[in-house]
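Two complexes are shown next, each including chain A; its partner changes from chain B in the first to chain C in the second.
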Partner chain A sequence: MALDDKQLYQTREFKVVGTRVKRPDGIDKVTGKARFGADMSAPGMLIARVLRSPHAHARIKSIDTSAAEALPGVHAVLTRADFDEITDDDFTADILDNCMAGEKALYDGHAVAAVAANSPSVAKAALKLIKVDYEVLPHVTDVDAAMAADAPVLHEGRANETVPAGMSPNVLSRYEFGHGDIEAGLAKADRVIERTYRTEATHQGYIEPHACLASMGADGQADLWCCTQGHYMVRNTCAAIMGMEQGQLRVTASEIGGGFGGKTTVFLEPVALALSKKTSRPVKMVMSRSEVLRATGPTASSSIDVRIGMTKDGQITAAFAELRYQGGAYPGSPVEFGSMSAFAPYDLENVKTVGWDVVTNRPKQAAYRAPGAPMAAYAVESAVDELAKGFGLDPLAVRLENAAREGTRASYGPTFPAIGLEATLRAAKDHPHWSAPLGENQGRGVACGFWFNFGGDTCVSLNITPDGTVTVSEGNPDIGGSRASMSMMAAEELGIPYEQVRTIVADTGSLGQNEVTDGSRVTFAVGLATIEAARAAKREMCKRAAQVWGIDEDAVEWEDGAARPAGPNAGKHPPMTIKEIAAIASNTGGPIAGHHEANPEGAGVSFATHMVDTEVDPDTGAVKILRYTVFQDAGKAVHPDYVEGQFQGGAVQGIGWALNEEYIYGDDGVLQNAGFLDYRIPVASDLPMIDTVILEIPNPGHPYGVRGVGETSIVPPLAAVANAVSEAAGVRLTQLPMSPPKVLKAVQGL
Partner chain B sequence: MVQVRIWGSLAAMTEDQTEVEIEAGTLRELLDGLAEKYPAIRPQLDRGVSVAIDGRVYNDSWFTPINPDSEVVLLARLKGG
Partner chain C sequence: MSKIHVTTSVNGDPTEFLCDADETLLDALRDRLGMTGSKEGCGTGDCGACSVTVDGRLVCSCLMLGAEAEGREIGTIEGMAKGDQLHPLQRKFIEHAALQCGICTPGLLVAAKSLLENNPDPTEEETRYWLAGNLCRCTGYDKIIRAVLDAAQEMREAS
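Coming up: the complex of A and B.
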């Protein structure tokens, strides 16, 4: 939808937006009252558990469920045979295959059967009675190995038309972006470096494991409660898998204990629905942490070649990257976004990226905050840093010299409108952090990052209650403060206190289609819809006041929470407040509401610069984060606490990705570290306070200038930390994570 | 006519051109025109694309107007986390 003029940014003095009001979910969450996915229950509920493949790659010759079905307390055993095959939609067919394996188990942890029983212990016992006859096949878990001509093949015939003939069938797509002449540009450089960088797969690490409760009646109507980033997506996907009409399935989202992109698909929900259908009982499923790590969607691992040329005064003359991402056992690694975003922070005459999407015997990757961009930024920003420092140049000055600005033709094609990268770099350069002294074995790193952001289908319904307070219904699970933000924008537009607005996340039966909470879209798109819904309610309230006053409705305007006569012929009438108009709504035409349904597109892109100080212990290789500052453009920070939280959270997840987190597979293709004791995410004691600097360069495509902020903050930290460690250790590592053994080896020159 | 920039790996589907001209006044006319003029690009259009029009990205809205002098760039379909 093209935005009309009133939906574009207009300068205004904010009264509510930009303040730090109390968060509406705080009390419930700190007192344990909030209900998450695993907190749902229903009378007669059964508990289901999943049997998972112990093999990385195996043909399923047969499954004998008879002993399990005969166990007292077992109500049903489910296998792929219980689902109808999907033949007209590869995307949904892959989701089903990932939820329940068909002909082959494609990774360690792949679901092969499920049991619904009276209790968890009975379900667990029944799993041991299921006999699966596997033909174990050769496997491959490394992206470069999977591209080799003699690599074990996961699927035949899935490569699309962009892949040249003769490549391994594991290579499914090729992407190429850029412009100019790389070789001619490199010829103008005083130095060209070529490096290969590798990153490991990491998990989003959300604290709440996946959980759901499904209940399907004999009439085919079903209800599903689950923790998800998008219950409308859950409805549509499950309906497609189950062969249901979407209107017959109502999905309600629980509170969500983190998602970061990992809850933008389904893993348990179709299985729970199918078991409920089979047993005619409600069925609850909750994953263990081990299952979350083995069988949900981590991000891709990558192998990236970079070639960049620079003059001795810091001008980048040409830049090339070839990116290879494995996205697990199915198509869809985010390599296209890595290829598009890799050089986005730079204004380059000659730039090219080539990306390869590769399958391996690992769990199907899922989105993870700015999917594909952090690893690309790690490679590019490491190479730029090495070049700058090699010439003795200030790395921030080099980035400023080459920075993308308004009018820059982006490496992925379009010409940038007003963007905030330069502002983040200047803020970084002027910040006391940049000039603070460093000690022995300490180093400072900087890096830039970019993310696209987008809008998508959105519905908001805003109701004026009889006492003049306001409820807002929106369809996106609140993973980053959206209930607070929507209440604030509604209050701002209506001219009433924040405390008089309550926002709820409505179920799929209550609103039209809503895109998933992803793409940093919610504050932008749902915010825009909330503002428009409030404007619709204001128009109606002005109309009611006009009726009471007996004047034309065009002669009434809304200001500070009240309708007021405006213009020379409006007459003199005292303002009618929202409470006064609401109180007589029944007498003036009935209840008052505003709603807005749209697909607001044209979200503004986002940039960030991160700065970090590290200290490397030369005896152990341990890296300590001493200081960290995030500089990011938020367009307009609706609730600065949440914006800072997004900046800090992205930085911390990036620190974990850079220093410790990795999926470790044994030679047998089995995940070795499926638990938080061995998969090491940063905890509070590992970290300093993450400082933040919010910059506000208004997005012209939003009435309040809002840009998405949820994803960009994870793009720069991998490289920023790597650049700091490189300076502290005196040697550059080109593989993540930079865990103590690897750093020690590099420091000792081994 | 609208000048449309195609990303590199799709150029093989557009007779090796990275910029093509399509008669279009809206996003829908643009996508239909691309598919008609260059049938080999249809599989990618079916998988999904985004389109940047004057620097702003659009995914779905058929009737988004496109001016003859607009900068139009075909992009891989954007997703997020």
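Coming up: the complex of A and C.
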């Protein structure tokens, strides 16, 4: 079966989609009016703070909260004892354990208690009065060390049936994908290389720390305001932890100050709800930056072995990778996605990946933009580059020679429908960047990347107001301009100006279930639901016009914002506009709306090729990014500015991952760089302009051909930068980040 | 702990507030005065999301005490537009799609306004170095730099 065999796409001329309209939340965001997670307050509200473990691994023998509780101004102290244990759902039990430690603190920064007080200063003082008796245990933070037979063990008995007997209990799952015969394929190669690559954990680095405001009444009804990528997920998770019915908890999503996957779970919200329940007062919680870095999800660190065989004319004969990812203290590192995506850009006869999910004494990983894929692509694209250059071949030509295309059986199973990888490679080859001259100590790198993209549960409600303007309610927090995109698609479908549509993000009481804003799904899935909701409203408006004209409703069609008689037998009636139909709606059957609920398949996989020029300073090892170009397939760019923005933002996060960013642990297992000074994300002066080329190979699974674009852009840059730096330095680098000391060592041959 | 009474000016309005001795100007603005346009991204002066001006000078309001506002003139994002007239930088940020999530936007706008007051005709490099203290994780800075340079040109042509 083809991956996206449903043909929903129809060629059409666009009037609104593809233009660069102004976003509806623009003025609020440039004037400071927009309200983010920490910007809400409530009458009588208490402030809560969290006490966190200073140890990487420790048994919590006892917690004495009496002195804290006795401090004037303190209204409640909370520990794990205040929560009911969850015994029937490991996934939610792990989330609760991460929000508030149970028997053991599993990482530096793990929450062990929380205080609600009448002011921040009282809450802070109370934390110092809580006495925790810890029994410090041996710890492990490195993925390879955690797999060793004698490694300190985090959990006993959590490994699933895929893990062979005799491995460390820290190894929880094994994944395998592929087809063909690796050894037979390698035997046909003119050269086989075998390399090990390592990447460090990086944080999503959203500028807005986690924040929420919870209010729970004595009747068991609760309201929660928070910054999240998915308030429906927050509702369902918190309801499970609190033992509430989902319908009794209404969650409203604030404006969200970045997420990149890191806000697809909960950290504070159950604690705030429990404190509100305990005190009968609204409770506000806001994390500090160091709490964000110590206790919210970074992505996995990885250790990856790659074996690839190639003929001297550039044909890949077999490819194998073994990927080991640590995802912190709980199951669920993104190694499965890494194993599935590693060789997705290639059409291979013999391919296999094996992935290992490993736990360590680090914070529970959270999704980070194309989770698991960037490190896999880094390893594979580094090895392909080394082979190509070793044979004196053009690295773009080698990728074109082996590129996955329509009909290719993907390494992870399905057969690809129409995809855009070749288009991005050809665009890269034809771009002036590819032939621009390079100077001394400079190098150019290219790499490809892939992401699956997702659909997921989605609800949209579209209402025609009495004056004929349109409101759209959707359930996905707008993280980069999606309200504009939804309004554009509704306007396109209805044939009315963009300015006559306003899209809002509705609370959990207003719509059915909505999947989190993740998997690059929103423009695809919510867009599809918006188009279908608009089509339902159009059908109803045609029906109303037919009623007025006294003709069959099949004899009415919708065009340019008006119902019109269709065909010669429909009679001669002047078009009836949306405004005219709305004005008489009350007399023709009542208010008019369209809605759509779906879990759409056919998200349409996405590919990109990145090209980067770097210069290495041979005296310091510092790397400068000189020029960067992104080539990516968007299917159809609904709002090109925001598509470019996703390309640029993903590329720059990847540059940070490649060059600077890393979680640094000391021998004591304590995070050493829990601040933006030492966890250094790229700043404006580190970068050139990031050029973009948008390719549009329509996704068969979307009415307008849209593919998600948000995640693919972070997949190629790690390898593209590594390939460029290796060329500039004259030596192959196999570990990230390529920080100045590491590059200097490599250049000096140490 | 008794509170400190502070008399100051915020965006030209005479303003008084009470704050703790160890309370930052950022917290005083947000929690005492309800001016939540300035954001806390780090609390350590590394991200610039809390950028304000004090007597015309660009500072991180998380690194200054509320009590130090006594007798000063504070400028925040809330004072940047004049009524319904957006500052050219605000307009250009919207036109160039120079924001995605928008959390860093107030700080970047305050910092960029300060740049253009000091240097009406900055180069791209000067703009990048001036704004290096304002972190943005969404955009890769490309559209932000374009918006600032475009606003600078429009403001020069208008003056």
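Here, the second predicted complex is superposed on the first by the 743 of 750 C-alpha atoms of A that agree within 3 Å, B and C clash if a C-alpha of one lies under 4 Å from a C-alpha of the other, contacts with A are read in each partner's own complex, and residues count from 1 in each chain.
Criterion: contacts are C-beta pairs under 8 Å (C-beta built on N, C-alpha and C of every residue); 3 or more make two chains touch, one makes a residue touch a chain.
Predicted model only: the values in this text are computed from it and were never measured.
Contact with neither chain B nor chain C is seen for A:R49 once the two complexes are overlaid on the shared chain. When the two complexes are overlaid on their common chain A, residue A:K352 makes contact with chain B while staying clear of chain C. Looking at the shared chain after the overlay, A:R250 reaches neither chain B nor chain C. Contacts of A:P417 after superposition on the shared chain: chain B is touched, whereas chain C is not. Judged by the touch definition given at the top, the superposed model places A:F454 against chain B, while chain C stays out of reach. Legend: residue contacts after superposition of the two complexes on their common chain; A:F260 is shown touching both chain B and chain C. Overlaid on A, the two complexes show chain B and chain C touching the same residues of chain A, namely 204, 260. Put simply, chain A touches chain B in their complex at residues 1-2, 160-162, 174-178, 204, 260-262, 264, 334, 336-337, 340, 352, 354, 366-371, 412-417, 451-456, 518-521, 599, 601-604, 701, 711. Across the complex, chain C is touched by residues 20, 22-23, 25-27, 29-36, 38-39, 120-121, 204-209, 255-260, 286, 288-289, 479-481, 639, 641-642, 644-645, 648-649, 651-653, 675-677, 681-687, 689-690 of chain A. Those residues of chain B lying in contact with chain A across their complex are 5, 7-10, 12-13, 40, 43-44, 47, 50, 52, 54-61, 63-65, 71, 73-76, 78-81.
Chain C contributes residues 1, 20, 22, 27, 30, 35-44, 46-47, 49, 76-78, 80-81, 86, 90, 93-97, 99-106, 109, 125, 127-129, 131-146 to its touches with chain A in the complex.
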